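To keep things simple, chains are lettered A, B, C, D and E as they appear, and every chain counts its residues starting from 1.
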């Protein structure tokens, strides 16, 4: 595993929105890579740029106002940033596919599930309609939809939320993609259903040698399914490492704050440690570290110097001055 | 579904009764006397009185209304005071004229309106978007009677290549079957008449179709823009579907839902609201028919025709709703 | 294990920043100046080119109406029969009509009539329509049923015929035409307001108002209606355009303004006979109607966008 | 054939439909397309009063006697001879024996009896009742009986002498219908008219066209055109455009403004119908206030510049000073019109106590009438002129029916109205419009509610007098009195214009408003 | 601790659109189907369950914001089920609600000041006092007094939630129903609000009914927890006890499904099959039997009653949980 070369590599990605109110730096220097069969979690607060990172990979950032202003997205060695719309359409759904947060709105309400599944397959593979239908049946079976033959004829609204999400997953899998991006696939679902879907994800991963990017804001979900995690704050990755390492030795104050602010089901009640303040406005970021105004440990230098994303330990990247030796020396 | 239709049809009854009461009260409140109107300024008081008696105009209103209602229920639309002709017969003549014009206008409006709306939405902020939407705004701001006159001035007076009025050139042979002239000319395989009818439809059709066209274009555009923002369009993109498929299948089908309602409403409005257009283009349709009947105090004609127009209006809207059902599987009608 | 990372935190908090009252939240970035919602909307309108044009047309309309005596070159009703059907010239900018009156001056004075029509007719539709719609939407049940059936009846009745019949009943003059146009416009308002009220009624802040013991009247007037205002305002603006068009249509049929009132629709209607010998007589009043209605439509459109809650940041 | 039409149409026809329904033959057929503003109401002339119906029935039916081509003098038609008794109460008519109805049945004296008896059975037969004074109890009116005294001889017995009787019989409403057809069609006879006239009814598409074809067996002059199509084009301007583009041949109801255009166009001509009408503004003398004061009425007569007003008629009107048109016998040309004198008018008003003027309404109607092509404009002109003598006029324009009902009920102060003569007899103007008998609120012909006993006596005497010279005297006197009392401001007598293609020849419009088309022809 | 609020077998059935044309039997949606609960003064009762199980409806019923279809509501010993008009309004002083959606729960057209002082105005508190209270409230919820002239859209979600809390506290109520007050907030903000609410409870001596679907939040804040499933209560008890030792299979499954942010802890998961049935058509017998891994025949036919299942007053409704008979057996039921 270790030796395998990355399937998808995102380097120094910057996606900005040029709006009347100013430039929104939605994604501002994201770096990560993912190998086949690996699951990467991306966590962060609302608006921290998780979805835009995913959309950038697929070339789906609404443009205008959005634009990838810098960076590379290397998929199987090719830079997707420079691909034409036409070339991208060949990749979407076939090589890289995506499952969205809200299963209620992500399926087209006026077409049957059959049509929506078949058209995806036919868009990428030259097989007959019948073959496509059979493939759709198989997929629905795979994701655990009972009586798929009849269900194919149904419209999305005739499915429950969990079932729709299964359909979405089946659709995303229909062309055996090498990368599956799941953007908060369980956020809109109830816990019991979420458990079902997470179970399904685990199963899929085992059965197919597929790289998965799991976007979520729930650290619990990350623990369940992810091999590695990237924590984002205000468009920037603040910490990036293996899941286990993060939970055992989280380093960035934001990561730690996040962990402490989640209530745990433990016998004794511990007062929550909230992170005070609010996430910054992405079109008018504070100078220095974006998290500094909310950081309990902020130093004067934090307000002026934007720290680098550094590998402070083996395979453990953090963006914080506290861990930059040089800076430590500077600060009295 | 059938149950739904039956229920909706039943619900029409109170509305139609309301319309009939409103019509009846209004027409009887208008000063003037159908007897005088029919007999003209030369009739004597005795003659007037005799006619009033004969028409039952001296009966209490309740009785007159009851009579009208019971006739209607029995399917008898009555007889025109003015022409003595059965109203049903007259409507068979005039309704097709109006319906043909309306359908023609609506087809113009829908084809151009939807197309312009879709293109404008897809190319938001482009020159096409700007021009077509400005055009649409001009369209809804246009007094159509003035537009009609201006078209006549230009195309009939100055350029002399479109007929200023009527449905058919006099002397043009056309064997009428349905009184929808376009249809009749096709049925009788009369190409010359077809061309003539078509040419006659052009100006009034444009005049009548301008406003709905503008409304449909704007509606389609905003609806498309709304739909294009939806998650399922994002999904379609993420699936790698081709752009035309996304626009014309995924987006348009969803975007057409509100447009459909507008189309139904406009269609209904045009049917009853073509008075001005019909006046300007001397179109022998139903709008002008009622208008003249109001002026001539032809009570039965006004009452029955307005009821029929209202019926068509509500039926068109019902049909729109049913079409809606076909377009939008989410709506369930039990 | 949990203990572990908590330790880390303690370790890190060796050098904590002095935080003020931990409970006080500062707005991260102070907003320049707290702007009202309306000012906000206004600024948005002014920013949009098209609605600005609309606003300008409306302003021009009002200024013209106000300063009509100074702008007009002639008295709008003075006739000079021998001078009839003069083409546009330096003396008569837009020519003269069938009685030798100056068309330009009549159009200028006609602005007053148009404003009157717009304001009064829409006033009638708005007051009645909003009341009906709000009551129907807010109270629901049988009240809603009754009101909406009445509205259905009015909708099913072909509107121009309804207006014609109403004018015929009331007698043809400008006032009655305005009333008729106003009545015809009621269903639009009622439906728009009703649906707005229906959706606002379900919001949590209305429920909150109920939960703090607000009475129906108070909830309706201070919570529901103010939040249904945007569609009402938009409909009012657009309605003025429609009302001017409708009234012109009635006048065109001879059911509106009485002579010698320089109402544009009536001018058009009177000029019709001279379509061939004096096309300017119908051209200019028509253009006047067109531009004024366009102005209201442009502005209303802009308003719609400006007041659209979805566009608010 | 009517060449010179839209050329594209001709091409289309010859290439595409050469084989079916014989377009080539119709090319041979002479069709006159007559454009008009409204459809006929019924084609049973005895039941209608509208010009549009009469226009068509005049082609289909014949009356016992007909008017001369250009006057209201009578000439033989179905009757060849007639003879009144000395006291003027018994009239004997000798009928033609060679006439067949369009349905092939023979025309006999019994048929005349049938028609008159039919008309005397119901108040629906408007003109019958109106001309012969029918009442609710006596539907026959002054006609006591009608008898066939031979196969081709019929006799009328009147209850009192009636001077205009013969002229009245020439009126188109008294066209003789085929009894067979009347009985066969019953209620629906009005859409299946059968007469003896120069044209045979062919087809009626409501609000669109009525077609009549040449009656080859006509006893009079057989028509020169094969077919006449009466086509409805409601708008005057549009109708004229159709004429200009050649789709119709002849039209009535021209906008005055279009006259000069037609005159300027080579292939068009204007034909003027001789005048037999009057347009007037009536003062409601019954109403309290200024209108009841003769001085005020005279003042208004003085305050309006009639000559300028007439220019609004664009050349189709002549200033009126009397209630009857000058073409009619009995016209009093010695009456001197008031003239235009604002100072004098002011003086009169001051004398009447209205030096500061007053406010008043003027009721007018929206649609043009033959005697008043621009009512609204005329009203505005008067309004402006009366401003000079401090009379503030408010114009109330209503549709025709409302206008009639308002004026009949005497709700107006001043009102426009007019009259077109029916039978060319002054009685048909004077008695109807200005006699106190007709000043009944609710059904007034006399909407000035002018009630002069002197005038009444004169008019009544003229009705029973059979000697035309004596009658003339009576009418001259009445006009003097009316002029002095000024119940009206007489406006104009018009010569309603028709426009035609230059190819239409020998078309002579009749003063009563309609004429048979058997004499006219279309040339290339 | 005295009982502050008691719901006795309360039901709420929403009428559904009739499917049949003229059927007597109106279909209903059983949002709340006979629940009994008591809330003691000063405690926090957590109410958990999946989306659509009727939590919010229950909360609104308790406040009489909805009319119950059946059952009794007793507040401070008084039966308030039938209260109307003025009396009902008076009651509002003592019970308040905080809503889930910080965006929809504030009137966008009112300044913060107006929103917070409105309840006081309604209850005729003099202006002076209103001002003072406002400043104090702003302070306790952590806002500055210069915020008060601003409009809701100028605040972030967390701040708005604080405003909503201030409004709820303005009348110094005894009972506050919190309908998912933190669900819409980001985790980091969520903690702020939870802490604030805990502080306020102490300061103002409040009783909370805390509705949430996030089990860890409920656990954190509640003294006792009630678990709902499809309109019914399946288990009630001391928060720790229920979480440590859930008796009802649904509670067990629910707890096991929570993904915990702790990679060390390997849990035995119970994955429920299928989805939540529709409340319009709930299963017969035990409502949970369709998804229950232990369901047997009896569950399909017989509805289990709530029974005491532990010494400490934990109660559950399951045929297969052993009943414990003790002195407190009926304390929570009555």
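Heads up, the rule we're going with is that contacts are C-beta pairs under 8 Å (C-beta built on N, C-alpha and C of every residue); 3 or more make two chains touch, one makes a residue touch a chain.
Owing to the predicted nature of the structure, the values given are computational and were not obtained by experimental measurement.
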Min route length, chain touch network, chain D to chain E, equals 2
More contacting C-beta pairs: C-D or C-E? The answer is C-E
Chain centres computed over CA atoms; the one at greatest distance from chain E is chain D
Greatest centre-to-centre gap (Cα means) from chain A is with chain D
Distance between the CA centroids of chain A and chain E (whole Å) is 33
Rounded to the nearest Å, the gap between Cα centres of chain B and chain C is 26
Between the Cα centroids of chain A and chain B the separation in whole angstrom comes to 54
Per the C-alpha means, the centres of chain A and chain C lie apart by a whole-Å value of 47
Among all residues of chain E, those touching at least two other chains are 156, 158-159, 192, 262, 264
Touching two or more other chains in chain B are residues 30-31, 152, 157, 279, 295
Multi-chain touching residues of chain D, meaning two or more other chains, are 237, 399, 402
Given the complex, residues on chain A that touch chain B span 58, 60, 88-94, 97-98, 100, 102, 105-111, 119-120, 123-124, 155, 157, 168, 171
Per the touch rule above, chain A residues touching chain E in the complex are 45-46, 160-163, 190-196, 198-199, 217-224, 243-244, 247, 257-265, 267, 269, 271-276, 278-279
In the complex, chain C touches chain B at residues 50, 149-150, 152-162, 164-166, 168-169, 171, 241, 245, 248-249, 252-253, 265, 268, 272, 275-276, 279, 282-283, 286, 289-291, 293-294, 297-298, 301
Residue positions on chain D within touch of chain C in the complex are 236-237, 240, 255-258, 260-261, 308-309, 311-312, 366, 374, 376-377, 379-381, 383-384, 394-399, 402
So, in the complex, the side of chain C touching chain E is made of residues 1-2, 21, 23-28, 31, 34, 36-37, 203-205, 207-215, 218, 222-223, 226-227, 229, 309, 312-313
